[in-house]
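Shown below is the structure under consideration.
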Amino acid sequence: MEKLPLGLALDLRKVVPYKTGSWRTLMPVNIMQTPPCTYSCPSGNDIRGFLRVLAEKQDYEEAWHVLTRTNPLPATCGRVCPHPCEEGCNRRDFDTPLAINSAERAVGDYGLEHNLKHKKFISKRKEKVAVVGSGPAGLSCAFHLAKRGFQVKIFEANSEPGGWMRYGIPSYRLPNYILKQEIDKILELGIELECNVKVGVNIPMDQLTRDYNAVFLGLGAQTGTSIKIPGEDAQNVFTGVDFLKRINSGQIVDLGKDVVVIGGGNTAMDCARVAKRLGANVSVFYRRTRVEMPAITAEIDEAMEERIMFRYHTNPVKIITDENRVVGLLCGQMELREPDASGRARPVPIEGSESVYPADTVIMATGQAVDYDGFEIQKRDDQWISTNEDLMTSMDGVFAGGDAVLGLETVTTAIGQGMRAASAIEDYIEGNMESRLAQPPVIYSKDLNTYYYTQEKRFSKEAVSIHTRLKNFREIYPSFNREDIIKEAGRCFSCGLCYNCGNCYMYCPDNAVKISPSTGKYEFDLDFCKGCGLCAKECPCHYIQMSLEK
Amino acid sequence: MNAKTEELDRVEKKDLFGSGHRACGGCGQALAARLVHDAAGENTIACVATGCLEVFSSPYPDPCWRIPFLHSLFENPAAVASGVEAAYKALKKGPVNIIAQAGDGSTADIGFQCISGMFERGHNVLYVCYDNEAYMNTGVQRSSFTPYGAWTSTTPMGNPTRKKNLPLIAADHGIPYVATATVDDFRDLQRKVKTALSIEGPKYIHILVPCPLGWGHPGELTVKICRLAKDTGLFPIFEIIDGKVTNVKKIPVKVPVEEYLKLQGRFRFLFKKGVPTEEVAEIQKIANQNIERFNL
Amino acid sequence: MLKQIEGSQAVADVVALCRPNVIAAYPITPQTHIVEDLALIVGQGKLDAEFVNVESEFSAASVVLGASAAGARTYTATSSQGLLLMAEVIYCIAGMRLPIVLTCANRAISAPLSIWNDQQDSMAVRDAGWIQLFAEDNQEAADLHIQAYKIAERTFLPVMVCMDGFILTHAFEPVDIPEQKEVDDFLPPFKPRHIVDPRWPRGIGLYADPRFYMETRYILHRAMEKSEKTIKEVSADFAKTFGRDSGGFIKTYKLKEADVAIVSMGSVVGTIKDLIDKLEEEGKKVGLLQICSYRPFPRQEIYNVLKDKMNIVVLEKCISLGRGGILASDIRWSFPRAEKKDRNISSFIAGLGGRNITVDDLRYMVEKVEKEPVELEFLGLKKELIADKDL
């Protein structure tokens, strides 16, 4: 014990602070949580990550690298994804959700403009993997495998890669050159691509299983199914798939004056809008109502804007032909009853309600199926490839993902599946089917402290006028202003991850939040923390939570 | 702030009122003291009154202060600070920031004489009053800053008098700078401390500091309660520069006083089974008067 | 330089010569003239100091506390009510070991209100830890201030110079005011040992919990005891430098041969000396023990000079109500218990509230104790004013 100084006047530089950390019963912990945007994303993209990079560092290049860690097709997704992330965005409960999709497109476009390159993790492994199909699932699987060092070869049946993105989605939604550049970037990782080879027909499946350590099937669902009505053999009767493939391959199709598109899905919308751009009067016939249409809302809205007529409760019964050419469509009206197996209201024909509608072309965009030509493989519901939870099919070492497995989903879903499959393939090759890491819990808006935010206007994208749109197949949304996107990214709440707002640092009465000299992040000085909980309460993103003292 | 990283001047946090003090967890006064001294910097002498601040921060042998501090008695920090200032002037030392600080009891009641004298004589001292609305250190007794209706151990039926308005009294002494602040807006508080220290003459800053123990709320709500005190109009934030009220912080969305009162145990007698009594209406009247008077 | 000036003026002049940096002033009769005179000295530029006109004695003491803690040499003056008002700070200053010099112009304490002299006020704070020095006359009052600064700044104990109000403060006497250079040579600049300064951060005024408080009190007590040496040294130095005896621990006057020893302090010793001279002519041997330093109490010294005296009478201008004479108790305590001698120690209370103490009063006192010891008596009490029931 030191001797008492004169007048008890203490030299403060000699003081050993009293460690009040021993008082607490609760202690603050940093818990990273999954934001609902990532949770809603079928690819599990680190949306918070790339938005924060844009907001804090205004660095598009780094944002691109963050995003392409999981998603190799950002410019594509930024155009065609229905953005479930925005549905999940917590900011939706405060003012408006973040325009994540627009941000993704801006980042993707930047990557293309500045010729950014994907990064590999590990350089060369000796194992080889075959990927069948160069749609989003196949490309994503190849991408993730190549990054891990595997030697990958993609076998594509069509003459150009891209799958449904290339031959299904029209170019006003996804310009061809954008897609091509993104695919080339993926291939630059050292992935081999052979086109015009249909596995099962040109090469048997067992050759692949023999020559490669594993196989991924990204077959897609690129065969159109018809509704089997009389007259469908006539000229100018197409399935939706067939029609789009022709257009996207550059073929010219004489549509005549009136085009009727049957169906309510994305393909139907694409067909309708393509037909409109080709100068026809387009109507969409659907046997239920808009509410039951499975197409993306934005697609339906844009189609309506483009003056495409929608007839609901209308079900085609027979195609009326004259000399094997379509002249009309006989349809009956439906009424909706209780839900059927698909969960949607069951349409029931109304007696005597049939009438003829003039048509020069009928496009049946009523369903799609997998082309199993040459494949012997176990199916689910007699339609889709059946897989276990690790995406392996009934054939050992053969994995599958995308539309072929899930049914008609989105590009993003396929990308996510491809990523999961790549991880599963790696595990399979290495021989350890380890269990997946538990995902951190999701944080919802009720746990956020939004006091520190003010309401801000959301970024809005403006489409060119309808008149301009219909003249050509160019994109209807022009490039976004990079500054506006950065501003929009600044609205991100960074749910569940610290973004250095400094609240905990400033609000601690005990000065127990310090800046780590090594990482520059905030950390708790547990020698002095009394567990009052102010930091946790004032943390806007709920990164800090109080837990019982160990 | 809107999810962007604000320009945090990191030199502001120097651990001058450091860790290791014995305040309750979530103490508003500790937070305020920390913020004030971080804004004032190392070239500061603190003259402290007896009270919670002194008792939890300066026990022998481990005070938490890293700047020199002088504590003598309960009611005289203003006079002691005057003496320090006079000495520095006479010895031609300095310049140095001299901050006299005390709680509400020490400022408005027993120390009223000293603070009035210091203001009147014009010493170059900043006086900071940490207003936790009662004599907290001795166990929550009523002071002249205790608001209407609050429970304290000496007004167990609810305080019958209104809060004294010391910022206006201070301004009427003719001092160049008076400000009120709360601990939730730390940027504002630090800016006010810095502004004050840049002005010659006596300055007064009145900080509302919630006391989890005395006010009856969990320590984590300290910041939230300050916000509500502001947003209900019960604690107006303003500056008085050379006698003119300026920089009044307007309330964006006015909150009814119940929101503020029901979070605190010291107002629980104002609610009978969740229904507010007529005292609450009285308190709402006070809030409305403040709103009108300062144009919040 | 010899000047015919008022006691207050002498004190003010001498304090100015000591070059205090901060002076706190609050008026209270009878010290007011001191601070007024200092105000003029500072105002005329003869002294470069901060003169702080505070709003109460409490603030006066607080201001000098703060100033001293910041490293300045300080001064203030007060009396009775003011001293009691600042009592809190008085204790605080001692506990903080700040070398402050304060003049107490002794005055009676209210109620009833009285502005006239007695020593109850400084007695009220005798336990605070201040060195208390009592001046006999204006010259000593002046001289003690110079010594006080030296003592205080050496021992780091505050010093209270007590001079009887009105009797000394308002009396005009010839006083030798030293030259500035003489004072500068005698009193070097103040070198503080603990100050508040951001360059060397110190905490002053920490609180001590039961683990430490007792030791601080012990240290203070021992410091006071050891200050005896300094008080004597400084007094001796002063005598050498300025050529006159002043201050010190105790003084005696014709005590060696005395049969009756009178013990007292303050200005009344002047009157006592007159009596002693008169009685000497009449053949009576009476002596005086003058207490100069009341705190620290010169117990050993008192015992040394009084141990052969069998008839001691203590005359004081204060009382501990409900107990008796304060100085008398102290004197009685100065003799070890083991000593069983037939010593008479009589206690007389005189001069309360400014009541004049004449030579005749004192003669009466001496004659009384020559006959029999007096437990406690109020000298010159006017019994005719007292109702029977209050007697």
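Observations
As written, the chains take the letters A, B and C, and residue 1 is the first residue of each chain.
We adopt the following convention: a contact is a pair of C-beta atoms (placed from the backbone, for glycine too) under 8 Å apart; a residue touches a chain by one contact, two chains touch by 3 or more.
Because the structure is a prediction, the values reported are computed rather than measured.
Put simply, the chain farthest from subunit B by mean CA position is A. By count of C-beta pairs in contact, A-B exceeds the other of the chain pairs A-B and A-C. Chain nearest the geometric middle of the protein is B, using mean C-alpha positions. Computed centre separation for the pair subunit B/subunit C is 43 angstrom, with centres defined by C-alpha atoms. Centre to centre, using the average C-alpha position, subunit A and subunit B are separated by 53 Å. The centroid of the Cα atoms in subunit A and the matching centroid in subunit C are 93 Å apart.
Residues of subunit B in contact with at least two other chains: 60-61, 63, 65-68. Shared interface positions of subunit C, i.e. residues touching 2 or more other chains, are given as 96, 200-206, 208, 212.
The residues of subunit A that reach two or more other chains are 4, 8, 10, 12, listed in rising order. Partner subunit A is touched in their complex by these residues of subunit B: 1-6, 8, 10, 13, 15, 17-28, 30-31, 34-35, 60-68, 183, 186, 212, 218-224, 227.
The residues of subunit A lying in touch with subunit B in their complex are 2, 4, 8, 10, 12, 15-20, 23-24, 55-56, 451-454, 456, 490-494, 499-502, 505-512, 515, 525, 527-528, 530-534, 536-538, 540, 546.
Against subunit A, in their complex, subunit C makes its touches with residues 95-98, 156, 193-194, 200-206, 208, 212, 215-216, 219. The residues of subunit B lying in touch with subunit C in their complex are 42-45, 47-48, 54-55, 58-61, 63, 65-73, 75-76, 79-91, 93, 96, 113-114, 116-117, 120-121.
On the side of subunit C, the complex with subunit B involves touching residues 21-22, 24, 48-50, 52-56, 58-59, 62-72, 74, 88-89, 92, 96, 195-198, 200-209, 212.
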